[in-house]
C-alpha cells in the first residue's frame, strides 16, 4: 500500500475486519479499486468511504440497482430487517455494521453485514444456536409482516441446515446422538492414524435420528427468531420503513433505533460470515 | 439494431419481455430473422408482426404444421385452453399473450404464452401454487372434456413435480417438513462457510415424508385447476372451439371471452416461463 | 427416386407408412435394394412386392430361414397368432398388415406387423392398455395352446413393462399415484427452469407403490389378452394352422378369417412399432 | 477344409454340433489341430478320434492330468456321474455325449458333455427346470454319496442361480411375480421405443419377493435331482466306479448302463452348454 | 548428523521417540532446523532445547501465536488440561511430555504431547478404551468447567469414533457383534487367498447394531473421562490456571501437581499419536 | 539349478511344497538366496537349512527382530501357540511345519506354518470349518491366557470372515440359505451362457440372513477353537513357554509335545495358506 495515499480518517482495523478471508490478490485489488474511486472523486487521499465502497463492489459485485417491484422491495426490506434485529437482540453475536436492500451481483437482493470485533477460533453450542436464529430471522420477518413466505429464504435455509447438521454430526452437540462423529472422515491435517476408516456411513436408523435432531434444532431457532421479532414488531416495521426510504441503514442508526440490547461481549461474538447475503 | 429499420408500430417493451433469457447471439439472430421476414414481404420496415413471427421461429423451431388427426387437434385445443383459462382466472399470474395449437419443432403440439409485465425476483408460496394449477390445467381440461387422459401432459407433470419438490426441499414451504433444506448443497455463489457439508442425503423416513408432501401439493393444485375449469366449462368449450377454427387466439380475445377476471396485479405476477410448451 | 422406374401398382403411402422412422440413408438403401430385386427378376419396373421384400430385408435382416424344430415352429405360430388376433379384436389399434413365422436376423423368430394409418402424437390411457394386451397376446396364446410358457416372450415383457412403468411414473395414468412425475428429469428440450431438481429419486415406499401399480396394470392387460384369445380360440387355432402351412399370412386374409371386428377408427389407432418382433 | 484329408468315418454333423458357437478362427484352428494330431499318429487321413481330441483341446485346454488325490477323484467322479444321470433320466434334455474326470485347463476337474441334436431357439419353463436339476445333480450326488458337500459345486450354483433369476425377472415364469420384466432394459436389437425407461430398479419389497422365488425354484430343482439320484443310486455308484477306473465314459455306455430312460425327443432337447464344466 | 555438533545434554532416545514416523527427509530437515536454531542463538552445539523447538516447528508449523481472546484461551486451557489429566490418571497410557496452549500451524489451538517409552505393536481392548477416554477428556473438561461445549472437540470426536468403529468392525472387540470382520477387505500384505470376497457390505440390520455398539463404547469412554476429571477437579483448575499463566507445562511439573498416579508400566503404554493436536 | 551344488540332505519335495505358488522368478531368486547363504557360511553345498532360511526371507521379508516388549512377546507366543494347537488337534488339516515368534517384514509379529502334503482342489464343509477354528485359534488363546483380546487378530478375523461368507454365498454350505449363489457373477472362465445376469445384488432381507449365518458359522468355529485350547491348556502354556524361550518351535517338537492327535489323513488335508501370518 505504499504508493497510495491513505487519509487519516481510514480505520484500517475496520477495513481488515471486513476483509477477513480475502486473499492477497483480493487485497491488492481492493486498494486499487479504492484508489480509483478516490481519484474519480478528485480526492487527495483514499478515504474510508472509498474503501467501504470498494469492499462492497468486490464482495457483492458492481453496484447496480435492480428494477425490483415495490412489493418485492417491501419483502426484501422486512427480510433484512429480520436478520438485523435478531442479530442485534440475541447475545454474543457480532455487531451489525450495515443493512442494505440495494441488490447486487448474483442472487443477493439485499444484505445484512456483521463485522466481528476480533478473530474467533471456537464457537460454543449457544453461539451456534444464536447464529441459526439470525439466519432464520429473514424468513421469520416475512412470516410476521406478510403471513406469507417467499423463495428468498432458500439460501438462508441451506446455510442454517448445514450448521445444524454439523452440530449433530461433527461437533457432538446433540445430546440424543452423543459425542460421536457421524460424518465420515475428512482427513486430519497432519496425522494419519492406523484407525482411520473410510466407512463413515451409518445405518438408516441413525440417519433418521440425525434428521430428527437437525429438524428440532432448526425448529427451535425458528421459534426463537419469531419470538424476538414479535417482541420487537415496532422496531421491525420501523427498520423496514427506513430501509425502503433510504435503502441503506448503518449499524449505529440501528442501535439507536433498538435502544438497549444485550452488551456486545467481544469474546462472545460469532464470526458470522462477514456478509450475510440475506435474500438470494 | 442500427442498420435495420424498425416500424413505429413495434413495441420494443413487448419484444423485450418475450425474449427474456435470450443471449446476445439470440437477439442478433432475432433481428436478422425479423428483417429477413420483412424483406420477403417487401416491407419498408420491420413490423411487430415480423418480430412476433421471428420470435416464434427461434423459440419453437420453424413453423411447420404437423399432420395431426382431428381427434388429436381436439385434445391439444382443450389442453391449451385449460392452461390459458387457469392462468387467466387465478390471481397474481402473468397475463396470457397468445394461445396456439400450431405444432412446432420438437415435442410441442401447441402452446400457451404468458408474458410477465416486469422482472420478478421472488415468488411467494401462493404464487407457486397458482403456477402449479396452470401447469396441471392442460391435463385437467382433457379429463373434463374427454374423461380420458393422454401422454401429452408428461412435460407439464415433470415441471410441476420439480416446482413442488423445490417448495418442500429448498424453500421450506411445507409446514410438515419445516424450515429445513433437504436438497443438499448447490453451492452459494460467493461464500464458502466452514459448515458446508457435502452430505445432503437424508433418511428413508424423510424421503417418504417429502414424497407425501409433494404428492399432496400437486393433488391440491390439480383439484384447484379442475375446480376453475368446471366453473368455466362454457369458456373452455368456446376457447377450444375457436382454437380448432383459427389455430391461434390472442390474449385480448381470450380476455373478452372470459369477461371479468381478477385484476392482473403487476407486482403479483409470476414469471411462468415465457412460453409454456403445453403438450409435449 | 428419379432414375428408378416405379410400377403404377406401388402404393407409396403404404411404403411410406411402413418406413416411418427411416433415416435418409435407409430410404436410399431401400430404393436401391428394391431396384436390385426387380432387376434380378427381370422386371421393367419396381413393383410393390419388391418394395415389400426390400423393406423386410432392411428391417429384419436378410431373409434366411432358420432350422427351427416343428415344435418351435408351432410355438412361434401360436405366439404370433396371439399378437395378431388381440391387435385385431381390441378397438383403436393399428390394422395388422402381415404375420410371419419366417425367422430373420437377430432374435426375431417371427413377427406381426401393424401399419398405422397416420402419424400419432398422443396416446390415451386406453390406447396404451390395448397396446399392452397386444404385447402380452403372444405369451397368452402360448399359455392357452400349450399350457406352458417359453423364453420367447421376454422381449414382449420388457417392452410391456417399460410402457406400464411410463404410464405410472411419467404420464400420471395411475389414480393411486396421481399426477406426479416419478421418473426424475430428462430435460425439456428448449427451456431450463430455475426449479429443475436433479433429484428424481423417491422413497422406498413410493418405489413399492410404483411396483404394485405396474404389476397391476400388466396383470389386467394379461387377463384382457387371455379373455380375447379364449373367446377367439377357433380363430387362434386356425390362424396358427395357416401360419404353419404358409409361413406368412396377410392382413386381409386375417380380417376375412376373423369376421367382424371393431371398426378401425383412424383417429384412434396407436402407432405400435411398425414391426412387432414377436418372439425374440 | 480343402487340403486336409478327412476319413469317411468322420461324422461332420457331430463335429458341427459339438462346435456350435465356434467362430471362424476357432474352426480353422480345429482343423489344423486335428490334422496335426492325425499326422503325429501317422494316419493317412483325419479321423473322428482326432477331431474329438482336437475339440477337447481347444475347448478345455490341453490335456494335462492333475495330481488329484484319490479322495478328490472319488468326489469328482460322483459329481460328474450325478450331472450325467440326471441329464439322462429327466425328459427333454440333450443326450449325454461323454463324461470325464480328467482335469483340464482352468478350473474344471471333470466334465459332462451334452450334445444337442439340433439348434434350439426357445426353452420352456419345464425345460429350464430340468436344466436346473442337471446343474444341481453334481452337488446332489456328493450329498448322497458322502453326506458332505464340497467347494466344487460353486460354478454350478452360480449358473443355476443365473438361470433361476432369469426365469423370474426376464421370462415371467414365476406365477407369484407375474408377466413383468424386473431386470431393467438390456436394449432391443433394432427398435427403440419412446417408452424405454432407464430405471429398471425396483423396490426392496420386490427384490425380496424375487429372492424368495429364486430360492424356491432352486430348492425344487435340488429336490428333483436328489430324487432322481436316490432312485438310481445303483447306477450312480456304478458310473462313478467306471469313471474312477477308466476316467472317461462315453454316452452310449452310459445309456446301456442306465437301461430305458425317457425318449430323447429331439424337439424337446435343451441346449445345455456344449460342455458342462462340472466341478470347477 | 556428522557435521553438526550435538551437545552432550541431548537425549537422542527422547528425540527418537518424539520423531517416530518421521521419514528420512524429515529427520534431515529436523537436524538442519535444530542446527540453525542453535546457530542463531550463538551456541557452540545443538542442545536439547533446539531439538525440541525444531521438532515442534516441523510437526505443528512455525511457532506463531494466534490472537486468541481470553475466553478462548480459557477454553483451550481446560480442554488440554482435560486430555493431560485423563492421560496421566488412567493406567497403561504413555506419559505426558508437554502441554501447550500456544496455537500452531493448521487447526491446532493447543496440544497435549505423550511420548511412548517404546514401540508398540499390539493394543488390548482396555488400552483402546483408555485411549478413547483421553481423546474425550478435552471435551469433558469443557463440559465440567463451563457447562458448555465448543466446536473445538470435533477432531477428537472424529478420531475417537474411528477407533471405536475399528474396535467393533475390525478387532472383534464387541461381544454383541462377535469375532467377525465387518469392514470389507483391505488386502493382506503378501497373500491372496481364493476366499477373498470383494463384498464387504453388510445388511442394514448389522449396520444398526454397529452404530449402537460404537455409540455405547464412546459413551462409556465419555463417562470415564468425566468421572476422572470430576474426581480431579482441583488438579484440572490448577493445571488450566498454570497453562493460562505460562502457556506451556512440562510433563514433570504435571506429575508433581497430580501426585501419585498409577505406575507407567512401559509394557502397557499405548502409542497415542506422538502429538495430540487437542483442539482443532 | 544347474550351477548350484545342492547337498543330498535337501528334500526337494519339502522345498517344493513350501514354495507352492511361487512364480519362476521367485524360484530363481530362492536358489540365489540359498546359494548366497550357504556361501556366507562357507559350505561346499546348499543345505536344507539354507533353503529354509531363504524361503523364510523371501516370504516374510528379511529376518529382523523387532524390539517387542516382553508383554507383547507373551501375547504373540500364546497367539501362535493357539493357531498351532488347533491346527494339530482338529482332523484333516495340514501338518504344522514350524511356529515362530520372530517378527518379520510387514505386519507379521509371528507365524504358524502349515505345509500341505499334496495339492488340493476341493474342500469340504468340514474342512473349511476346521480351517476357521485354526484361524480363530490365535485370538482364542489370547482370551484363555490373558482374559483380554488384542488388535493382533484383525487379519485372522478378516480371513475367517471371508471364508465364512464364501461358504454361505458361493458354496451353498448354509442349510438356511440353500444351494443358491448370492455373490453375483464373477465370470466363468470359458463359457458365457445367455442366462448370465449382471444383477447379483439381493434384497436387504437376504443380506440380513447372510449376516446371521456368517456370524453363526464364525461363532461355532470360535467355540470349537476355545474348546480345543481349554482341553489342551497345559500344552498351550508349554508351547508358549518354549516359543518365548527359543522363538522357533519345529513341527516335530510340537507333535512330541502334544502326544497322540488325529491321524493326518493326507487326502483330508486342507491347503491352509502355506504361511499363516498369525498376528498381523
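Observations on the structure shown:
A, B, C, D, E and F are the chain letters, set down in written order, and residue numbers restart from 1 in every chain.
Note that a residue touches a chain if its C-beta (ideal position, glycine included) is under 8 Å from a C-beta of that chain, and two chains touch if they have at least 3 such contacts.
Since the structure is predicted, the reported quantities are computational estimates derived from the model, not experimental observations.
Using the contact threshold fixed earlier, the set of chains in contact with both subunit E and subunit F is empty.
Shared contact partners of subunit C and subunit E are absent. The distance from the centre of subunit A to the centre of subunit F, each centre being the mean of the chain's C-alpha atoms, comes to 62 Å. The distance from the centre of subunit A to the centre of subunit D, with each centre set as the mean of the Cα atoms, comes to 71 Å.
Annotation for subunit E: residues 183, 204 touch two or more other chains. If the chains shown are joined wherever they touch, the resulting network closes on itself as one ring, and no chain has more or fewer than two partners.
All chains form one closed ring of contacts, and listing them from subunit C in the direction of subunit D gives C, D, F, E, A, B.
In the complex of the two chains, the subunit A residues touching subunit B come out as 59-60, 66-72, 75-76, 103, 105-107, 109, 136, 139, 146, 148-155, 157-166, 169, 183-184, 204, 207-208, 210-211, 214-215, 218-219, 222, 273, 275, 277, 279-280. Residue ranges on subunit B touching subunit A, taken from their complex, read 118-126, 128, 170-173, 177-183, 185-186, 188-191, 193, 195-197, 199, 201-206, 266-268.
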